[in-house]
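What follows is chain A paired twice: with chain B in the first complex and chain C in the second.
And now, the complex of A and B:
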């Protein structure tokens, strides 16, 4: 899933400093699962903002809506009525950054702000802990590396690691970060496939990565 | 001859090679280079010029290499993959060759997190292994990565680095084999302190027949002080400084620790000289260039051979 985290309160308060009435929108997709921007977090943030502004003696009115998803135009359409009737100063999105961009596209005259920092594609390691597993390079090769992604999980995206900074299974950039290449080595050894690591892996084609420009998938079989 | 560099000739003639290292300054003053380089002239066969070492902005390696050439010193251009994509890398290689640079050392590069611009975006389009293969392809096939033919083929003696003390230890010789398969002609190791581990790695490399295919130069960095030894032991990932050296330096008066460090370096060279398959030494006297002579001379590695003269006689 897309993992995100809420921006610091200070930053959000600065964003809304000039506003008296805003719409705060959540998303029931990934950001609900990673406890960053679902219905619950929308409620918590709305209360926190109201309290902070009350302290400043400048109360703020906040409406809350959590959509099924913010990455589908059909759900964004559901904001039409509240936006048309309430004249918000701004709309804040607690979705990944697709959400605020969709809202801005749909409502051309509305100011839209992102409340989350969209952080990575990853999964949970334990309750309250998430880690990055995929960089969306668009051409998956993890099967060559013991099903561990070197592009994402090696700090230097080495295709022929580990580098000289691998120490006791940890990466030189952070003693808490596993060396992906040590993990790859261990797993390939367990699988009896170490020979696969003895040949040089040649250049990665980055055209499927973001380096090829903003990406798009067209599925003719699904188009209406 | 693949490139005809002095280093290549010294190795081809069967001598133990000695290379040195020079870190460019943070600034545009060429005099700093000329001053540092004076200490190395005549003592080493080639001088590595680091490429924004530890991700700290420095005068560019290629320019410094050219300054060394002007002084009659053979440079070894270090090139990292952190700051350049394959377009810039190939372009720089062509330029380096045009400037007369004949050795290139292919590295992935330290992560920018350690440097003076931790907010920078890194590149890592290709890695060190692929960089080696790139230089080889340009040299041997006269082609770019995309198979386009070059007008004017760059001739480089291709170097790489390996850290025998990084983990997993049992994969290190395999990785050396990969670098050689990719095209590495010579290889300089990380600074050696754990002699036992280095001996094991060297023996394994020799047994695998790798030392015949690639000249291994043992990395030697003199310990200037107990403080430096402790720092390297604790804070430099992938470095393995045994307590025995720490204790040895501890037992010496502070003023004499530098001399003791040089003594240790000389002892290390003497011991490594006896190892099968060793082709030479890479002396990295970090900001201590003025002491290289003591080490190289103390280890019986002077005078340096002059291969062209030998060939002529």
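And now, the complex of A and C:
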């Protein structure tokens, strides 16, 4: 999933400094799973903002709404009524950064702010801990590496083996980071496919990576 | 045991402090409480094993969050004691009340008259 975390309170307080009435929108998708922008986190932030305001003897009116997802226009449409009936100074989105962009696109006259820093595509290691596992390169070849992604998990994204900085199974950049190539070697050895690491393969197709500009997928069979 | 403790301490009973959520503590502060403390069982004695440990982490989170919005983190505390420790209960109530009195009324309160408690 997309993993994000809430921006520092100081930054959020600066964003809302001049506003009296805001709509705080959450998302029941990825950010709920990584405990960053779900219904609960919306409630917590709303309470924290109210405390910060009351401390200054000012008020802030915060409406809370958590959408199913903020990356499909059908769900963003659900904001039409609240936005039309209330005159919000701003809308704050606690979804990944796709959310505020969708809201801003749909409601062009509304100020939209991102509350989260969208960090990476990854998964949970344990309750409360998430790590990066995918860089969205567009041409997945992890099967050649025992289902471990060297692009993401190797600090240098090496495709041909470990560098000299691999020490006791850890990466030289951080003693807590596993050396991906150490993991790949161990996995391929366990699978009995070490010889595959020695075969010469074509260079990776990087045309599908973000380097060429924002990407788009079109499924003609699904278009209405 | 009929021990006295300050009348400004309002008790909310929960089956385990693991039931206490971050939002409960924040709402209490938002609605004008000068201080909130969570009194849980002694560590290792939780009937549900880890309830009081979860509460400890949540209290730590709220303290950090309050610090970031400019409120004194000392207004929220975690205490551990056994249900049998009546004297300690009264002692904690007295100590906490004194500490909060020294901090003064919560900056969040709209009425700052001493002695008047927000409901």
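Here is the rule we use: the second predicted complex is superposed on the first by the 220 of 224 C-alpha atoms of A that agree within 3 Å, B and C clash if a C-alpha of one lies under 4 Å from a C-alpha of the other, contacts with A are read in each partner's own complex, and residues count from 1 in each chain.
Methods note: contacts are C-beta pairs under 8 Å (C-beta built on N, C-alpha and C of every residue); 3 or more make two chains touch, one makes a residue touch a chain.
Remember, it's a predicted structure, so these values are computed and weren't measured experimentally.
Undergrad: Both complexes share chain A, so when I overlay them there, do chain B and chain C fit or clash?
TA: In the arrangement built by aligning on chain A, the partners chain C and chain B fit side by side.
Undergrad: A:43 contacts which: chain B (first), chain C (second), both, neither?
TA: second
Undergrad: Classify the contacts of A:10 with the two partner chains as first (chain B alone), second (chain C alone), both, or neither.
TA: second
Undergrad: Once the shared chain is lined up, is A:179 touching chain B (first), chain C (second), both, or neither of them?
TA: A:179: touches chain B, not chain C.
Undergrad: Scan A:138 for contacts with chain B and chain C and give back first, second, both or neither.
TA: Touch partners of A:138: none, neither chain B nor chain C.
Undergrad: Between chain B (first) and chain C (second), which, if any, makes contact with A:167: first, second, both or neither?
TA: After superposition on chain A, A:167 lies in contact with chain B alone.
Undergrad: Counting only touches as set out at the top, which of chain B and chain C does A:157 meet: first, second, both, neither?
TA: So A:157 only meets chain B here.
Undergrad: Counting only touches as set out at the top, which of chain B and chain C does A:200 meet: first, second, both, neither?
TA: It touches chain B, and chain C stays clear.
Undergrad: Rounded to the nearest angstrom, what is the minimum C-alpha distance from chain B to chain C in the superposition?
TA: So the smallest C-alpha gap separating chain B from chain C comes to 26 Å.
Undergrad: With touch defined as at the start, can you tell me which chain A residues reach chain C in the complex?
TA: Per the touch definition, chain A meets chain C at residues 8-10, 13, 40, 43-44, 47-52, 54-55, 57.
Undergrad: What does chain C use to touch chain A in their complex?
TA: 22-23, 26-27, 29-30, 65-66, 68-71, 107-110
Undergrad: Show which residues of chain B lie in contact with chain A when the two form their complex.
TA: Contact set of chain B toward chain A: 81-82, 86, 108-111, 113-114, 122, 124-130, 133, 145, 161-163, 166-168, 171, 174-175, 177-178, 181-182, 190, 237-238.
Undergrad: Which residues, counting only chain A, touch chain B once they are in their complex?
TA: Checking each residue of chain A against chain B gives 155-169, 172-173, 179, 182, 185-186, 194, 197-204, 206.
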